[in-house]
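Consider the two complexes below, in which chain A is the common component and chain B and chain C are the respective partners.
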Partner chain A sequence: MSRNGPLALAYHALFVVFMLTPILVVCWVAFTPEGFLSFPVRHWSLRWFYAIGRYPEFVSAFWRSLGLGALSSALAVAVSVPAALAIARHQFAGREAMTTLFMSPLMIPHVVLGIAFLRFFTEIGLGGTFAGLVLSHIVIVLPFALRLTLASAVGLDSRIEHAAVSLGASEATVLKRITLPLVLPGLVSGWALAFINSFDEVTMTVFIAAPGTETLPVRMFLYIQDNIDPLVTSVSACVIAITVAALIALDRAYGLERLLVGKGSHGR
Partner chain B sequence: MKSTPYLLALPALLLFAAIVIVPLGMTVVLTFHDWGQYKGIEPVFILKNWREVFSDSYYAEMFERTFRIALLVTLFSAVFGAPEAYILSRMRSPWRGIFLLVILGPLLISVVARTLGWALLFGGSEGLVNKALMELGLIDTPLPFMFTETGMVVALVHVLMPYMVLSVWAALQRLDPQVENAAIALGAGPFTVMRRIVLPQAMPGILSGAVIVFALAASAFATPAIIGGRRLKVASTLAYDEFLNTLNWPLGAVVAVLLLVALVIIVVGANRLVERRYGQVFR
Partner chain C sequence: MAFLALDNLSKRFGTQTAVDGLSLGVEKGEFISLLGPSGCGKTTTLQMIAGFVEPSSGAIRLEGEDLLAVKPAKRGLGIVFQSYALFPHMTATENVAFGLEMQGIAAAERARRVADALELVGLGAFAARYPRQLSGGQQQRVALARALVIRPRILLLDEPLSNLDAKLREEMQIELRQIQRTVGTTTILVTHDQAEAMALSDRVVVMNKGRAEQIATPLEAYEHPATAFVASFLGKTNLVNGVAVRPERIAFAAAGLVGTVRTRIFQGNHWLYQVDTASGLVTVIRQNTGDAMPEEGAAVHLVWEARA
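Up next is the complex of A and B:
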């Protein structure tokens, strides 16, 4: 195989520095003892990490984001599975239009969805409620859930189900014992991708969250609009640490390279 | 049964009819309503808001800025992201997996945190970026990054770069290294291999990545809001202001609907172009 030359590796090094610097800077500034955002940091202190404890809105927003992501992703997957089976298995009028509709939240700017939801939820009395957040997040993460469940539903061999039916299995048994276990990997990765997108969503949520139903990214965004102290950097550092820990755990459990690179790639 | 697929898709269809189509329809209707500081929203049918947006050059400038920034972000992420994807695809395991994770990992970190990092790096004439650029002798006087389009473009390129790398990476996965080797064996120089073998195969990835990055850059909110501050507005931050500060919802709805229509036209058009040119690659 051809190797990367020194020039390519130098470019690669610069690229990695570009990608990582802003994230490392946030983590670094989190350790400042000063009362303002300053860089570079000359002394170290955990002052702003202790400060998170005195500002419970961040902690409750974190738990709310976790719950919202888990719930809306699970509901999105639950709605996606039958829809994916319909699209993958059947030819029917409006199939293309339906797929486009379900994928549309990817193309509609989140600011437009935020505006539309704000008006709609205010009208029907769900304005600023957690139920409204869940409904809106189901819609925006559904394309991710559907895409992965669709991929595994397309790959499903219907002859296995026919075999089960001919051996006397009822429709419910086929669904429970054959169909669902076969699409399960797609469901799990669809849920995970949906969760990540729900957890990071800020643009749409900033419109419909009220004080009391704010998610973590929204709370962080609103905080830096009004304050310029290092509290958001320490909150960010904690979230980054949790993300890295989750990735390491995932790597131990499944092997991230296998997940990212895929088994089918050339054995270079 | 003929009705089976409809029954299967019914939950999703009902959800989308109620939570996507109805609210979007209401937003379009909202653009025709009247609004006043004291009377609030009046449900009448007038063209006042549309006329205001089309006659006031402030909005034309703002939309121009939005799409100029999106275009620059797309260009830079393609020019810098595509070579990196190629370098990544030539790496050996385990480095390939590690660096793919390093470059895609930022997607998992809140865009607010990533943009805050750039705000810290830019921070005035004392900012680290300016110090580094001056020390390298690239500039003499500090460049303004905060509250400027330059700063927005740099931060957005960083935020959206993973999508470009991922897209080109996926296209290059189909590239058989033997074709490159064959070209070299037949006497092609590295430049010819790049131009005639690698680039044509990476192109569908670059183009589909460009469509994604453009759409996300034109509708980006948190990054322009933090870097641009209260003065330098793009379409989404202006719509946010009209909705949550000025409370002129009908006017904000016009801006949002225009952004949506412009993006749909551009993205659908670009997709058509890509499919016509590279249709065979996607099949």
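Up next is the complex of A and C:
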């Protein structure tokens, strides 16, 4: 990597400040003792953190978001694997069309998806259900899961699989013992990226979720429409703390760069 | 009937013919090289035997049995790919054990045979390493052990030494030949290196544009090339008045074809000369015996034995 000049460094610094300031301000405001959003904070208090305890729907929405993200990302990856292997390996009619179809949710505004799913799910009796949330989230995270899965499938040398076949391995054995382990880093990265996108999603979900199936961002969004107190800042601070802890743990375990950039390195 | 028989084997990719009517009989225990320039169809031929490329026409028989009717996984051939194609997520031991596992060999015997195979290729001390912790030559030997351990009916080697440096390649050639002699496995080696083919093989198949130009022992092909292509591919050749003469067969003498030394290059154990003559530029190779040799610009006379 080339060394950065002073201008580039200043730019980077500005960029980081721009990204971090809102996060830091939110965390700071969360410690206010006042009953409204005030800044700067002069007295410190955990009042609004304790307050979360009085709103169990925030806690249940958090767990729902976690479950929704984990499940829809896992299913999206499960769909991506055969699709990615087919796209990477074979020239077939409709290959381009298939790729475009899987990637298309990226290009459709989430508002549009939200309204479409709302009508569709109401029609088929899934309106306001968790199953509906999972289905819609699979659609929006699929491009992310597929991108990284595809990258690792393309990088796979088919001669390695041929070698396994020549040693007497059946197709199922090759898939289980060779192909899947070798694309695993891509699957994990794809799942992680999909999870982040699912956890974050509010524009579409706000149309689909009903009381009892609200995700955390939706719950927060609805809360600030009726209230001006700093509860959402303490909830945000908790989410930020959990995210940071998770990232540190992941970095210790796997190396973040590898995970998010999707660079596969095998063995240990 | 030959052990392995390729009968009029052809492969076309679209309009392009990669292999064109190749017929070849390989005897049991024989070491055969497919030799030819890049793109002449060597890999395609090997892949057809392995079963990863389907022939457009022709037949392959192994011990009289139609090999094309057998799935690649059931052919029982040992393959060393040009890129080695080791399983990157498995140790050397696990790589070598894979084929035995597929055969359902019990763990105790498996462990013993894997250890023997790694010992055979001189990698006993590297058994627990992953491929990326091994050098190119070591990886190549793991690939060889992995192919040999299943006791294949035929060993197929696709340019297995091409990624090695000259010294290591020479060592590996000797090792390869020794291992093949010890184990006695019928072997087909693909290479574009004529020295490698000559050094290792019982017979060479010189290929050009998908066809076999000559199938013969290395000595026979070198001394009696069937075509001009074979002659030029198997080393430097002079065409003097329509007669092919190897550069090392030409000597300096008191009388003979008159010429002038254009360039003289010292190559350690021999001298390489380019001599201008009335019949064109002639390449001459002379052993370095320590004696004084003609200088550049010197007038010389060339003589050679009259044979092809």
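By our rule, the second predicted complex is superposed on the first by the 239 of 268 C-alpha atoms of A that agree within 3 Å, B and C clash if a C-alpha of one lies under 4 Å from a C-alpha of the other, contacts with A are read in each partner's own complex, and residues count from 1 in each chain.
Criterion: contacts are C-beta pairs under 8 Å (C-beta built on N, C-alpha and C of every residue); 3 or more make two chains touch, one makes a residue touch a chain.
Source: prediction; values computed, not measured.
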| Mind checking chain B and chain C on superposed chain A, clash or fit? | fit
| Is A:101 in contact with chain B, with chain C, with both, or with neither (first, second, both, neither)? | first
| Can A:16 be said to touch chain B (first), chain C (second), both, or neither? | first
| chain A-centred angle between chain C and chain B, computed on Cα centres after superposition, in steps of 10 ° | 100
| request: In the overlay, answer first, second, both or neither for which of chain B and chain C A:250 touches. | output: neither
| task | Going by the touch definition up top, name the partner, chain B or chain C, that contacts more of chain A. | result | B
| request: Considering only touches as defined above, state whether A:170 meets chain B (first), chain C (second), both or neither. | output: second
| message | Looking at A:181, would you say it contacts chain B, chain C, both, or neither? Reply first, second, both or neither. | response | second
| After superposition on the shared chain, which partner residues are touched by A:162: those of chain B (first), chain C (second), both, or neither? | second
| Minimum Cα separation, chain C to chain B, after superposition on A (Å) | 13
| note | Dual-contact residues of chain A (chain B, chain C) 266
| query | In their shared complex, at which residues does chain A touch chain C? | reply | 157, 159-160, 162-170, 173, 177-178, 181-182, 266-267
| remark: Note: in the complex, chain B contacts chain A through residues 2, 4-6, 8-13, 15-16, 19-20, 22-24, 26-27, 30, 80, 83-84, 87-88, 90-94, 96-118, 120-121, 123, 127-128, 155, 158, 161, 173, 176-177, 180-181, 184, 215, 218-222, 225-226, 235-236, 239-240, 243-244, 249, 252-253, 256-257, 259-260, 263-264, 267
| field | In the complex, chain A residues that touch chain B | value | 1-4, 8-9, 11-12, 15-16, 18-26, 29, 37, 39-40, 79-80, 82-83, 85-87, 89-90, 92, 95, 98, 101-102, 104-105, 107-113, 115-120, 123, 135-136, 138-139, 142, 146, 196, 200, 202-203, 206-207, 216-217, 220-221, 224-225, 232-233, 236, 239-240, 243, 247, 256-257, 260-262, 265-266, 268
| query | Of all residues in chain C, which touch chain A in the complex? | reply | 50-52, 72-79, 81, 83, 85-89, 98-99, 102-103, 130, 132, 146, 150
